[in-house]
Amino acid sequence: MDSILRTNLLSPIALAFALGIVARLIRSEFSLPKDIYAGISIYLLWALGLQGGIELHHAGFAGIAKPAAVTLLLGCVTPLTTYVVLRRLGGFGAADAAGIAAHYGSVSAVTFIAAQTFVKGMGTEAEGYMPTLLTLLESPGIHIALAIGAIQTGGKGRPTSEVLHEVLTARTMVLLVGGLIVGYLIGDRNWQVIEPFFNTKGAMFRGSLTIFMLEMGILAGARFADLKKVGPFLLAFGIVMPILHGALGVWLGTLAGLSAAGACVLGTMAASASYIAAPPAVRVTLPEANPTLYLTSALAITFPFNILFGIAIYYKIALALAPAAAALPATVVP
Amino acid sequence: MPTTTLKLVTIIAEPVLEATITHDLERLGASGWSITEGRGKGSRGLRASDIPGSNIRIETIVSEPVAEAILRHAAEAYFPNYSVIAYLETVQVARGDKYV
Amino acid sequence: MPTTTLKLVTIIAEPVLEATITHDLERLGASGWSITEGRGKGSRGLRASDIPGSNIRIETIVSEPVAEAILRHAAEAYFPNYSVIAYLETVQVARGDKYV
Amino acid sequence: MPTTTLKLVTIIAEPVLEATITHDLERLGASGWSITEGRGKGSRGLRASDIPGSNIRIETIVSEPVAEAILRHAAEAYFPNYSVIAYLETVQVARGDKYV
Amino acid sequence: MDSILRTNLLSPIALAFALGIVARLIRSEFSLPKDIYAGISIYLLWALGLQGGIELHHAGFAGIAKPAAVTLLLGCVTPLTTYVVLRRLGGFGAADAAGIAAHYGSVSAVTFIAAQTFVKGMGTEAEGYMPTLLTLLESPGIHIALAIGAIQTGGKGRPTSEVLHEVLTARTMVLLVGGLIVGYLIGDRNWQVIEPFFNTKGAMFRGSLTIFMLEMGILAGARFADLKKVGPFLLAFGIVMPILHGALGVWLGTLAGLSAAGACVLGTMAASASYIAAPPAVRVTLPEANPTLYLTSALAITFPFNILFGIAIYYKIALALAPAAAALPATVVP
Amino acid sequence: MDSILRTNLLSPIALAFALGIVARLIRSEFSLPKDIYAGISIYLLWALGLQGGIELHHAGFAGIAKPAAVTLLLGCVTPLTTYVVLRRLGGFGAADAAGIAAHYGSVSAVTFIAAQTFVKGMGTEAEGYMPTLLTLLESPGIHIALAIGAIQTGGKGRPTSEVLHEVLTARTMVLLVGGLIVGYLIGDRNWQVIEPFFNTKGAMFRGSLTIFMLEMGILAGARFADLKKVGPFLLAFGIVMPILHGALGVWLGTLAGLSAAGACVLGTMAASASYIAAPPAVRVTLPEANPTLYLTSALAITFPFNILFGIAIYYKIALALAPAAAALPATVVP
């Protein structure tokens, strides 16, 4: 087997995820308690934000303009490609296509974390402002997809604007944006004290992540029974679309001057499908969209694909596209 | 102990509907509500919650006409696309004048 | 299946009252109770809990006179200063002789 | 709003019985159920849960004959050895035809 | 801006607290799950107790008599000053005045932790027996205020004695007193093994504290809407009273021979208002006292004031009052 | 007092456990939130599994055959001895005897962890494959006891086979077996990154364990009131039976070539009584068995006895039985 792929498949993250799936398939009743699941995800996001903030503090915003622009571009393009592909090629109705588009137009923070961990495991490092890009990619795709859906279906659900306030002020955004600001402000002396607890390369972060991935495996495994219900088109879509979006993200990231590691992470973000922010937003604004379709494709197809294979693929694309110099990280973190 | 005869309406729904339903209850004239979290199984199983099967139970004590309006609204607005059940019973409420 | 007709009294109250209320229930003749935690909104919103809006629901199956006494006590002792609602309904209890 | 008159059966039991009871409910003809977690105190206090006093409340909306069958089964199968109470009330269910 | 104040305001603790307030003000639905909030506070209190115990083990009880005496004195004086000020100057009724007095006569463990963290950040260290003083200050104030209230209002609530058993055996007391004893007994070899996990200067403790402060900010922010309801007198009271109690605590601490750091921490304790132990005790013994008044003043005025400004002020007072020698810690922890 | 015993009684684990008991006896309402309790136990089991896996990876399965065989033998013998002693000497009915036998025939993971921690504190180390033995001992005893019970009482509860699926796929088994496999596969490089978080000798593991033991003390203390109900025979049984099973386990372990540390841990396993897996399994398959009997003996008698005294006793037996060479660990973990 290819060595990059192998390294990824034997990582604690991928194996813990696989174990969670297996636990579910043998009908174990084991699952992480709800509050522990929430607690770990709060910790992971807060650590990510803080670390991003301190890195911004070091490297500044120099060079962030272009990557930010292509990230926003991805946020506008990916919901549209998803919608068009599903309607034209897949023959899906407007509500279902828009609902799925909201998921693929947004981003999965856990997949992002896995990509960050992966490139660090490769001995390289993405640009320090990647968490900033994550916050930029979170909501535009949801916004656009819901707007299309509301127009096409007559908008029988809750008004999009109201729901968007919830997306923008949700846990992920508060912790990431807030963490970025706090990390930026506290300075090195304060950071050093808490660094072993929050360092995203550290044992605490990586260890907690394995426990979190167990539960992600359980959640994904619980949806496997629904794979039969979504039909062959969506099965293929859940793998091919991420590859296309991932390649597009890597290419745009490389154009914008990101390192290979950074381009890989941006590609992963584009390829990933939200399963935290998007589902409730879609459920209340597009009631006719079938939740089995969007949840199964995001959680039981695209998420496992990205964790187990996708990230390694996007990294290979990034290495192939990278000019010799850009394969090194643009900013070296001290 | 003088009590007032009122209706207790119970709605069991997907967690994601909490804001929608409480907003609607207020609009339809309920003076308050109580919510407990739970789980369940039904015949449809349509839902978008991350934890499969989780639901919320919303209860509100209201006058008969308001109860009627709530059930009617639930049947129209929630039943077609959401996992929701709604029912009412008659209860004797202490100091019940507060809820009408 | 022979059942006994009894009263189910429900009290929804601030969490801080749990010990007070269950103690009073015992004194007034209830043989047991069940408690679930929840949240809610009412017209007054008086409460001292750290988590705003959280409450407990205490239910007890009792005979009619005990139910009367509980509602009367709730109205006198809890209503003036606490966020509390109390109501009763009639239920058919299996092996209900146990609760009187 | 046309409603259907049905029975709401409530069973409060030790958590360990969840699988047993829901399995039995299905067998006896219930189309679904809702569960909330709680705690309580009764006259016997027999139970094997790690957290003393914790219990589950299982509610199911069913037709009268099914309700009868459930209470009968509870009295025979659960009452002798487990901490269980079971009771029923009459409720008006919106779109109630779904549950019979 | 003053540098001590600035250091405090840019600390992770203060910034995380501010972020929590902001999250609440923008109506984010983010909050720490209940069990996680409880779990972190158990960890923090247990760590505090253990560390205090091991320090007692090193330094012994030498010199603790006088500080303990002034601490108990503060526990008797602060509820009385609060009660008298509120009744005479504020025109409050007996129940409300006694209810608020129970809060200001007791102590906030989180404010105490913030003060400990602050003086350590200043490169100094309070005496090892400070957690012992915290346990001494917890209940007398509540006891006295509730007794006054019960006498003045006829005692319609639950009997004070019953409620005091709950205060004395509550989580905070079990973990602090128990931790002190366990820490005292285990000895250095055992402590070294678990020290990185519990050291109150360490990354784990400080990092968890930032997450805890997020939630404290959310809880305080949730009460901001009630600031309008409490009136201008209580608003001023919530800031002026802590300063007076804080100055008194620092002065008495200095007299009792505490280092500047120790005096600052004792002053902070005196200045702080309980919002864990006092509210339920007051609610059930003094039903007529309006919870909006005591919760808002303790949680939305005094707590933020102390965290953001008070501690730095008490430290400056302590430095000013300290005899040259006492500005160094009385006991040097190895 | 004997020095080994003294060391054990002054360990953070034993003291935290004792504190939990005291908290309960003074009627404190303090307890660990349910989800935190579950979260810590998930962490402990997962760490145990991973560490066992990496040690298997180093040492291989060489020498595991004999210890595995004697472990399975213990899993068959201990439920039978328990059942026979209770019926013949104790005069218990078939359901009660079988119910208690299911508990003493299985194993308590927390007691196992305490034993592992104890031998490490003694400066020695059990064989790396001990967690593997733990998984082997978990279910046979439950299986055998429930089968006896079902035959003797006519099987009025749920079918044993259905319930055994739950035991085999429960949390403990998923995390231990899964952790062993994942730890075995990830290799040293991945392990080094997460090791400080999961190392069962480390501060994180040991520190969390003290918090967990607090709750164990509370749970045991809550059953103390029932000690009166179980009668003198069961009181004595709960102490004598573990000593006999412990001695048997140590002896068989020594015969099978385990080090003194390993034999002590195996003896502890044999001596311990399950209070996680066994109670629900017994409750649903043997409804007539009185839960007060099996819960009180397992949780309020045998568990405290083992934690406070038993482990030290089994260690002394192991030292006495050990041939000079085997007193050292068979496998030295790098």
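Residue numbering begins at 1 within each chain, and the chains themselves are lettered A, B, C, D, E and F in the order written.
As a working rule, a residue touches a chain if its C-beta (ideal position, glycine included) is under 8 Å from a C-beta of that chain, and two chains touch if they have at least 3 such contacts.
Bear in mind that the values here come from a model prediction, so they are computed numbers and not experimental data.
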Contact-graph separation of subunit B and subunit E, given in steps at minimum: 2
Which of C-E and B-D has more C-beta pairs touching across its chains: B-D
Rotation, 0 to 180 degrees and nearest 5, that superposes subunit B on copy subunit C via CA atoms: 120
Rounded Å distance, subunit A centre to subunit B centre (Cα mean): 36
Geometric centre distance via CA averages, subunit F-subunit B, whole Å: 47
Length of the line joining the C-alpha centres of subunit C and subunit F, rounded to whole Å: 42
Numbers and ranges of subunit C residues touching at least 2 other chains: 36-37, 89
For subunit F, residues contacting two or more additional chains: 33-36, 39, 204
Full enumeration of touching chain pairs: A-B, A-E, A-F, B-C, B-D, C-D, C-E, D-F, E-F
In the complex, subunit A residues that touch subunit F: 10-12, 15-16, 19, 22-23, 26-30, 32-36, 39, 201-204, 206-208, 210-211, 214
Subunit E to subunit F touching residues, read off their complex: 33-36, 38-39, 42-43, 46, 165-166, 169-171, 173-175, 178, 181-182, 185-187, 190, 193-198, 204
Residue numbers on subunit B that touch subunit D, as the complex places them: 10, 12, 36-43, 55, 57, 68, 71-72, 74-75, 79, 85-89
Subunit D residues within the subunit F interface of the complex: 14, 16-17, 19-20, 46-48, 50-52, 80-82
Residue ranges of subunit A in contact with subunit B within the complex: 34, 158, 219, 222, 275-276, 279-280, 282-284, 287-288, 290-292, 294-295
